[in-house]
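Two complexes come next, and they have one chain in common, chain A, joined by chain B in the first and chain C in the second.
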Partner chain A sequence: MNAKTVFMGYTRSDLANLVVALLVALVVIPTVVQTDYWYSSILIPWLCLSLAAIGQQIVMGYTGQLALGAAGFMAAGAFACFNLILRVPYLPFPVALALSGLIAAAFGILFGLPSLRVRGIYLMVATLASQFFIIWMIDKFGWFKNYDTSGIITAQDILIFGKPFTSPFEMYLVVVVVVTVLTILAINMTRGSTGRNWMAVRDMDIAAESMGISLLRTKLQAFAISAFFCGVAGALFAFTYLKSLEPVAFDIKLSFKILFMVILGGLGTINGAFIGAAFILLFPVVLNSIGNNLFHGAIDATIISATEQVVFGALIIIFMIYEPLGMAKLWYNIKQSVRSRFAPRSELPRQRAT
Partner chain B sequence: MKHRRIRLMPVAAAMVAAWTFALPDSAVAQETQYFPVASSRVGPYSAMGTGYYGAQIDYMNYVNMNGGVNGVMLTWQECETEYNAVKTVECYQRLLEKDGQRIVVFDTLGTPGAYAVINRMAEDNVVLAQYGYGRTDAADGTVWPWVFNAASHYWSQIAVKMKFMAEQEGGIENMRGKKIVHLHIDSAYGREPLPAMRQIAEDWGVTLVEISIPPPGLEQQSQWLQIRREQPDWVTFWGAGSGMNSTAMTNAARVNFPRDRMIYVTFGAAEEDMYPAGDAAIGTYAMANALPGDSYPLVAAIKEQVYGSGQGNLSDESRVGSVYWNRGLGAAVMWIEAMKNAQEMHGKVGQAVTGAEFRDGYEALNMTVERLEEIGIRGMVAPFAISCENHEGAGRFAMMQWDGEKFQQVTDWEAPLDPAFIRGLVEESAAKFASENGITPKEC
Partner chain C sequence: MMQARNFPIGDPILEVRNISLSFGGVKAITNTSFNVLRHEIRAIIGPNGAGKSSLLNCINGIYKPQEGTITLKNEVLDKISPNIVARKGISRTFQNLALFKRMSVLDNVLVGRQLHMSANFLQVAFQTPQARREERENRERCEEIVEFLEIAHIRDTPVGRLPYGLQKKVELGRALATEAEILLLDEPMAGMNVEEKREMCRFILKVNDEFGTTMVLIEHDMGVVMDISDNVVVLDYGKVIGDGPPDEVRSDQAVIDAYLGVAHD
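Showing the complex of A and B:
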């Protein structure tokens, strides 16, 4: 366990993590998981929302800007992707995905502008505008939905180099690749000068400015990159999970969920985005299946459904009290305690660099 | 702290183990047919979800108590969707298979949820039974072989409403120059009737004013001030959830808009939508695709047998026979009739059927007055038949009026004035979908 870099600035443990993650994602899961349910209802939405949570993490956890409205950017990305594929012939899916991320990023810059004037809870209120404006715009102008009478449109099939990716497993592969690439990118940014600028602004913006960091540039950059991540996540969410596009799917509730993912997962951590997304997305599913399997017929189903929500809320409170730094910290503590049990004394404990 | 954490582990392990072992106990030797119940019991649409899905479970219990479907016992599994499209997709995948048996039908009771799963139906061999909601052009069975909106869709519904207005005004010629406000929730569901409505309004020389209310629709003051300025002759109200529906009536009372000039959509036409508004609700018109009442023989039998033995799904027994409960019953009756048809058509009497067989049985539904009488719901729903091309079923609605206590039926089952025109719109829209998505319409 040393912090020495072995390859392009990565430490040995970074590479080990990457190899383990890729092995799990591309070898272990495909051999162990055989049912479509796990791919299409658990893994795909989890990865998509983790990506959105990374976006929220960048603007909130790293740059310290309390922004709310990630779902709005997701909607922008999703509808941009639909329209690009519909209107631009022969556009490969990866290119459409990247372009829709860029379109979302443009919205991010636009709605990041208030961050130069207001901060804290007031910024949260100001950024809410993005949520409502984007959804309203898509609803109001039929062009975005190709004048569909019902307003819910079917997402096109994913075609990459002429090969369709339509089965749950194939779509899972697409999502894994995109999420892996973007996660590595995010980790790089947070460790490099970009991330250091963000954190300087987060910790004390006046000090950062006096050190020559441009607040304008840093904040808008964070908003743009955050919106890019959310936009790509939204497009993936619509194309691989929902397979339909509807503005209502990207409502304020989803924005709040992404916010909670980041807070519960741990602010200012990338793995916190994944852990938080897993908790917020999967726990209600687990509770619902337990409720329906264990108490099937024994208790009034309405009470079971209501109890699930109470339990979920209580768990959030318990976690916040028990570990205010989020589940990423919890995970870190577990890792440390395991390591301290097996590693030789001399290598312990290493300070965590944040 | 550490000790407590460790002691939690066996508890969690025991719970997981109990959950895993709890699964296979329903796999018994008896032939069974598995149904999904993707219910929405919490949130703003809970009145709808508890009543509708409660009735489906009650009816399945009732069928089981009376020997099943030709001896095949019904099993079901529930999943909470919260009327949310994202959760509906997860529920659909979760409910899809149980003990190696696949669902044959799915019912989301919500347009967003229906759209989210609609494209999976053909591939998974599951029938999407939209009981008076969902995608309208699915009425064209050549493009949508697996999707049905039996119990009539929104375009027929709006056409019947406009016919009712014309009758009240004394004929279509008197409709010229009249003004209708379509006050709707700002979602796909709220806009669904507009293509048909705009066309009819144009043909009749009626001014149509569209006013939208952002969800969840509890704030309607500015919209009602606008209605007061517009002074319309009629308001067609297209809301969702008891909160939004009752708010509209109290606001109408505030601006003195007569309640007997308001016509509610089927998803606002329930007792639960009327009670909260109190006296302000009196006189409101509402549409029904299944009429309320507990005097129908089947409803009475379920009350006696299922609720009598304490196995009823609703905690409040007085809701049996309400609009949403009866609507759920109407939907569940169609499942079971379709299953019987499937058994007979494919020589599988006494056996479980597959999705494809069930689909054939559903398409062969022919609910004549005599058949409805036998089942014990004559008069509760309009008699109907489904065919290979026509997946809409009856296409007829009854008008009801709220008297402060319950709904009074004011018209018989009415069809649109020009069903061929509505059918034309459906076929046009379905053809557009087929060409956009490279679907070759089925030969019927």
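Showing the complex of A and C:
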């Protein structure tokens, strides 16, 4: 960190970013965006999935463990939250959310165990098991669904100290607060000794171990924290976006989506999680509206969705080859070139490690 | 060159006893024994494939020898992993550079301070005063190390982008940051020019003199070995064929035959 820290280890630009983000989230968006559609179909799922993508970043982008199964941990978090609220009277939503994260974290540790033995594609296959196991468990034991037979369980209303948060805008506020807090915690970890341990294990595990880092502890810790983020994200996703609890919503396709968010957004960056989530989520929407507005429905919906798949596949390959640091790096480059146009040369920040 | 030293050479700190290591059919080390004395600079020499790196890997716990014992300060290091060995005060560098490529120079060195940092992930996440103080103090310590190694100007560069010679220095810096009692250096000067080698020697001697760090280093350049080491172990085909002060070893017939006789560099 070369820039001067001005408050608690944060630089001036960190604080500026935070202020801008909060202003946009809590002032600009609420005044500009009036339709519920934007809150409940774009902003809420984007923030929830960004949070899950941060979880995936921690284990994959920072610790270098090729894990696939984020949606499984999201399911664990979602159903944990449902059951906690159902069975524990007067449990405030934030507490239920935190506990759901912890329960998901326990699964994270359990399914992180293979990482001590295998790596790469083998680990990917091993962690896939978590995905299937968690979904199977929820389906198999009626207790998790409170013996519901209709197939669709409605999520309870969000109550925070007696006050309900049920409108799309109110739910959006809840999501913003949770995501902001957890993002700050994630940034603190990745910049501090915790994140250095993860990255050391990612870049050269033998050297990390020779410097006194326990691979066992570090990997399991990353899996636990990753699953915590996914668990909280899953609970938020179910309670504010789906408004129902169904295991199929957390299938393997969602895990892959989160994986792609991280790869396209940029491995080993927190803002990459947000950028990647926005892209994966918005791209189909944009494509659809192009199809509808430009060609007035002349193009079949199946062709549009096929185009979507092809473009995703191509982009992932292109990014893997040409810009492994993803869109976050592109974004950084754009910012730099804008800055260099407007700032005197001497103020250019020096190159930062990623 | 040996005036009164700040840290005179003492008793054995590390004892290697009858170590044997094989990979399948390949015997890398056969029944090898030697001592490393406290505060000394000990060189390990020998032809390519003699088993020098394997020996360091055994000491540091990366390889588990099939036979024999390694004793550190009267404690047997038996079947323990590298991170525990590090905890007990042995740090190292690697022959083929094992840096954290995507991390900056300073972050690489900071990883070496990991054992001196005790804040857990929650304290780091919530940036408690203790976590912040610890981070600040260790950063300062690492700044001193990069100053000392004259790599402060590249402190924020990802090490993967640095030329080889600088990467070697970063790796030394990371090992120094641990403040280990014993440093194992696997060919710290390989691939360097005369100028760089001289600089590296200066760092090694200075650290040994200032902090009393015991050094075990593998080196092919006999000039360097003669200059800086207090004692030399000569390995050939996994066996010790010479052990003693540099000039004694140099005049030993077995050593001349096995190693010095063959043209090396």
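Heads up, the rule we're going with is that the second predicted complex is superposed on the first by the 323 of 354 C-alpha atoms of A that agree within 3 Å, B and C clash if a C-alpha of one lies under 4 Å from a C-alpha of the other, contacts with A are read in each partner's own complex, and residues count from 1 in each chain.
One rule holds in what follows: a contact is a pair of C-beta atoms (placed from the backbone, for glycine too) under 8 Å apart; a residue touches a chain by one contact, two chains touch by 3 or more.
Small disclaimer: the values here were computed from a predicted structure and weren't measured.
Using the contact criterion defined above for the overlaid structures, shared-chain residue A:225 touches chain C, although it does not reach chain B. Legend: residue contacts after superposition of the two complexes on their common chain; A:294 is shown touching chain B, with no touch to chain C. In the superposition on chain A, contact of A:31 is made with neither chain B nor chain C. When the two complexes are overlaid on their common chain A, residue A:306 makes contact with chain B while staying clear of chain C. When the two complexes are superposed on chain A, none of the residues of chain A touches both chain B and chain C.
Chain A contributes residues 1-2, 8-9, 185-186, 188-189, 192-194, 196-197, 199-200, 202-204, 206-215, 221, 225, 268, 350-354 to its touches with chain C in the complex. Of all residues in chain A, those touching chain B in their complex are 36-37, 40-41, 45, 139, 149-152, 154, 241-244, 246, 248-249, 251, 254, 285, 288-290, 292-294, 296, 300-302, 305-306, 308-309. On the chain C side of its complex with chain A, the touching residues are 60, 62, 81-83, 85-87, 91-92, 94, 98-104, 107, 110-112, 114-115, 117, 119, 121, 124-127, 131-132, 134-135, 155-158, 174, 178.
Residue ranges of chain B in contact with chain A, taken from their complex: 15, 18-19, 22-23, 39, 41-42, 46, 50, 57, 77-80, 85-86, 89-90, 93-94, 96, 111-112, 115-116, 118-120, 135-136, 186-188, 191-192, 194-195, 215, 313, 315, 429, 437.
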